[in-house]
Amino acid sequence: MRPSGRNVSEMRPVSIETGFTKHAEGSCLIKIGDTHVLCTATIEDRVPPFIKGTGLGWVTAEYGMLPRATNTRMRREAASGKQGGRTVEIQRLIGRSLRAGVDRVALGERQITVDCDVLQADGGTRCASITGGWVALRLATNKLLSAKVITSDPLIDHVAAVSCGIYAGQPVLDLDYPEDSEAGVDGNFVMTGGGKMIETQMSAEGATYSRDQMNELIDLAEAGVAELVAKQAEAVS
Amino acid sequence: MRPSGRNVSEMRPVSIETGFTKHAEGSCLIKIGDTHVLCTATIEDRVPPFIKGTGLGWVTAEYGMLPRATNTRMRREAASGKQGGRTVEIQRLIGRSLRAGVDRVALGERQITVDCDVLQADGGTRCASITGGWVALRLATNKLLSAKVITSDPLIDHVAAVSCGIYAGQPVLDLDYPEDSEAGVDGNFVMTGGGKMIETQMSAEGATYSRDQMNELIDLAEAGVAELVAKQAEAVS
Amino acid sequence: MRPSGRNVSEMRPVSIETGFTKHAEGSCLIKIGDTHVLCTATIEDRVPPFIKGTGLGWVTAEYGMLPRATNTRMRREAASGKQGGRTVEIQRLIGRSLRAGVDRVALGERQITVDCDVLQADGGTRCASITGGWVALRLATNKLLSAKVITSDPLIDHVAAVSCGIYAGQPVLDLDYPEDSEAGVDGNFVMTGGGKMIETQMSAEGATYSRDQMNELIDLAEAGVAELVAKQAEAVS
Amino acid sequence: MRPSGRNVSEMRPVSIETGFTKHAEGSCLIKIGDTHVLCTATIEDRVPPFIKGTGLGWVTAEYGMLPRATNTRMRREAASGKQGGRTVEIQRLIGRSLRAGVDRVALGERQITVDCDVLQADGGTRCASITGGWVALRLATNKLLSAKVITSDPLIDHVAAVSCGIYAGQPVLDLDYPEDSEAGVDGNFVMTGGGKMIETQMSAEGATYSRDQMNELIDLAEAGVAELVAKQAEAVS
Amino acid sequence: MRPSGRNVSEMRPVSIETGFTKHAEGSCLIKIGDTHVLCTATIEDRVPPFIKGTGLGWVTAEYGMLPRATNTRMRREAASGKQGGRTVEIQRLIGRSLRAGVDRVALGERQITVDCDVLQADGGTRCASITGGWVALRLATNKLLSAKVITSDPLIDHVAAVSCGIYAGQPVLDLDYPEDSEAGVDGNFVMTGGGKMIETQMSAEGATYSRDQMNELIDLAEAGVAELVAKQAEAVS
Amino acid sequence: MRPSGRNVSEMRPVSIETGFTKHAEGSCLIKIGDTHVLCTATIEDRVPPFIKGTGLGWVTAEYGMLPRATNTRMRREAASGKQGGRTVEIQRLIGRSLRAGVDRVALGERQITVDCDVLQADGGTRCASITGGWVALRLATNKLLSAKVITSDPLIDHVAAVSCGIYAGQPVLDLDYPEDSEAGVDGNFVMTGGGKMIETQMSAEGATYSRDQMNELIDLAEAGVAELVAKQAEAVS
């Protein structure tokens, strides 16, 4: 029934290649099916003005898509002179999600910027960015720990995300692009390794949904996130 | 326990003054406690390029805050040369939410732009904007109906929104600014008059939440939205 | 003869509601007929770089129009990425006009920003902004005085403004939009409570005028400003 | 008494060199003392959207200052990414002023853009721009006439401008920069060759003025404009 | 003597992986040592306005660097709101270089956009972009040929580029970043497969060079380009 | 054979008028045939952040073209909100070229900005800017020397530039606009008074060139630069 032939609770193949670039303190190329996102984490000693002097750290994120990551070429945001609304929305979500898993006291007064750049898109880029972004963050904070710059681990738990939606009347896990563009209702679910929720975004484009449907999607998402967390653990071990 | 003395499931006083400005096809000033938003609906015969010729209508929204709507003056977005990430995120939410209640075939190939401008802010401006924006939309579509420009009602149901959050460990309804700035977990819930869900956005700034907590917040939200829908009905009758 | 039925030297009804918003140090909603402007005054301890360390204060203004303040919706300046030429011109005029009534030594090294946002427009928005802006400024400086932050009054005199023009061959006071869009010659006159002139801007779009005509308009303006000053006095008393 | 040693009603030396650049349909370098402005007029067959199909012509203006036209280097507006408020205000004034002397029916559906670029500034650049801009406009419209593209003269009369102000308590004509930066009250007066007024802009930076003072300045301005009109006539003959 | 231990006429290892992304009509990941650039070619039926209706095709290029492609994180150009001078200069060079190898009549009235995005930088990114960009262009034009959209090959010859410079007094081939940042004189040389020159850019930052030195660098470049052309041929065969 | 009737190695008439504007520390109007560029040099005590505290000076350049410097009016860059790619490329070239002739230790920690504004264009504006820019720089540094702000001359040698190209199959010196717009191959050659090379930029728009042709153009350029250096020497003596 699904265009890809997957069953409703089946994720696409997931791979995470760490150390994909050499300069960043942490990096990986995450592939969720045909969605490929390069995630890098950069540690800097400066923090945003609003926390200067508090001793707290900060984690933020930026998101971009290469112009031909998609089926038809999109205008380069640097050329059009600003980041679009979708980009802004996504990078704020990534930042908020990752911060939920961070002990900002343990991190100390420094900033980690996670850049998520989509090399190839096939649906679910924001969830792949969060999941891969956490791996980059883990690798970067490992460096701080092994260099004894910090002494207690600033990462409280894994953070991973998956999308679910109602496609052809059926709740399905991990929407790819053909499903995503058809689904009237879909959601992005960000959770911890321990199964707690961080962010829930369910929306209906020109439709509505019931609480029962919402619960079905969350059930699927819990299973999907557990799978992703296992892949993260494997990648950083 | 709440700074305002309200009990946990108590909304702030709500008032909706229709016809607040004379030029717009529909307008109201909605007050949710000290949050005051001016909502106007503008009908135009042109539609965005991507639906030209389809016979379908479009509803979109823009959101702004006057510089001194808040406790300290914020820089005017027109002066800083762009809309901030928060603004973009909110106006996309308002547009999506209102479209979920619209029969775009019945609307016909025309666009309604709902402008939500916050004159005074005390938390919950995006929810007030959706709730008041629907009233402006209702008044504008009424004009189309009574002028017989269209013959069947493009509004399927009421659309209203409320925020809930966990404040001081307790789920509470309709956060005001002092609560909102303290709550680790909060959500915005957009629903129809019939109790269906349109959009759920729950997030945890530096925290997590359980499915049980999520369900408690949704219970509160359902009651709050019902109250708002009654106020909308009264305002447009 | 006038579209509104007013006689040539008759102003539209004027009302000034102070304290329209709660956060600003001073605020009012001024209504000159169907022109409604929300004016707020914000006091900040910082001053622009060019007067830092001089002990002098600064008063500046910003002006905006809600997108549907006018008969057809105008593009939101924050969305188009810059303030238009008309906006820039008007806010510079408001700032200059208000500063002419301020003793910058008495104000001390602080800045007051007067925001004038047009909720509904029907001609004469810049004059209404100056007149209402002065009221917001008066209320804000009263706070500084009563809190004994400053000891001598920084406001030398009232500042108010009115437009006049030649409509259908006849000099008339306080142009509304139907008159303004037809008048070949019109002017904005900013004056003090004591009848001194602060700013005169008379222009002819595709026409010219004589010194006699200019004098007739100034006569009308003097009467109009006197009326506005009385309304200001009443509002702040 | 004046820094330059001029008497109160004495203009600076004026020279107008026509044909200063070869590409423009009309051009001149106008020198009012040490203020040097290069003015060019460009004729194009297209008109702005709002008059398309009306048969009417349009005259518009743009203004710029070279970065080191002034005593200290100013940031290049092209580099800072926008035209400042002062620039916008001035170019709108130049356009309005020149249009007041144009018969837009006689011009026919075409646009003339007058560019005024200040090569060296010493006060009064906007007045020099209007006066020199008219010369460029005259030369360009002469070309249209002699090429019989149009048959009746679109220029109704000369348009010229001069500034006056109260310097050291004394009304003086044609302020140079040292005077302009000291004068509490100054005005720009745009008039026709026949002595009619087109635009009056009198303002008081941190001061006020009486009607008597205003009249004294206008008397000076009338004499100054007459002198400029004679120079224009000589230059284009 | 060279930081990398290479001898003066030795290039870094070169690899070209074609088909790196699935959506683009042509794509490759080119690696010149630690410089990794993802090149994609997009075919569109529209052309820029200045050649519309001429029957000629167009090839253009855009260039970007991921924020953490470099040793320290650079600000994302989409976030800073414009492409920097270096970016603009480079993408114009890539476009000009590739066009020199294109028969625009054979291409027909269509546009190919070559996007070069640096995933990891270690000197020579513009040369790698030209060399890899040609491969993407070759693959995309092959598609046009095999689909019989065009019948004669629009690519006249290979286009490849290499940098050379004077490092520690010695002319060397293919500068890496440590060399590039020290070299007083360096050049970028774009050539065809047949050894003709397309673009020569030699510059001296705070230094000068003689014609003899220039000739030594060109000798090195000719050898380097020949090697790159062989790699291109292998990749697209 | 050349449109201007010049022989292949003949430059256009060159004139350099120093002191063209009064405010700048150094200025000239350089005319190379009908190409007229106003060059000014501004000395400031501040330096860019990346050399603060090093004791080294900096020389930078900005370039602009008046809208009607060209045959058809170009949009003003300040109005379009950014400097185009061509402008950015040229001003970076001017800055790099002039810095090659500067002893930054002798200059001391100060910045000289050379502004090159094209009043009239007929090909070769970037070369005229470099040649005239050096004169402005020489005059400004002379002031520093004669005021004993610095004691040793920061200018090592003359810097001048000329363009050459292959026009109608023939290498020619100093392309004017009609030649430039036809030439498939052209180059800009920046050299010192002593005949050393600073920057070579040869490119082929849709064509290629051989090393022999390159050498012929450099021969012509050497002669042309020698002539320009003599004119510079004369102008500043």
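Letters are used for the chains, namely A, B, C, D, E and F, taken in the order the chains are written, and counting of residues starts over at 1 for each.
Methods note: contacts are C-beta pairs under 8 Å (C-beta built on N, C-alpha and C of every residue); 3 or more make two chains touch, one makes a residue touch a chain.
Since the model is a prediction, treat every value here as computed from it, not as a measurement.
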Statement: Intersection of contact sets, chain C vs chain E, gives none
Query: Among the chain pairs C-D, E-F or D-F, which one reproduces the interface of B-C, with more than half of its contact pairs identical by residue number?
result: D-F
- line: If chain centres are mean C-alpha positions, then the most distant from chain B is chain F
Query: Using mean CA coordinates as chain centres, what's the chain C-chain F distance in Å?
result: 50
Statement: Per the C-alpha centroid definition, the whole-Å distance linking chain A and chain E comes out as 33
Field: chain F residues counted as touching two or more neighbouring chains
entry: 81-82
- request: Sort the chain contact graph into one of these: line, ring, star, complete or other.
  value: ring
Query: Round the ring starting with chain E, chain F following: which chains, in what order?
result: E, F, D, C, B, A
Field: Residues of chain F that touch chain E when the two form their complex
entry: 82, 85, 88-89, 91-92, 96, 99-100, 102, 104, 187, 192, 196-211, 214, 218
- line: In their shared complex, chain D is touched by residues of chain F numbered 20-24, 27, 34, 36, 38, 40, 42, 44, 62, 64, 66-71, 73, 76-79, 81-83, 87, 113, 115, 117, 119-121
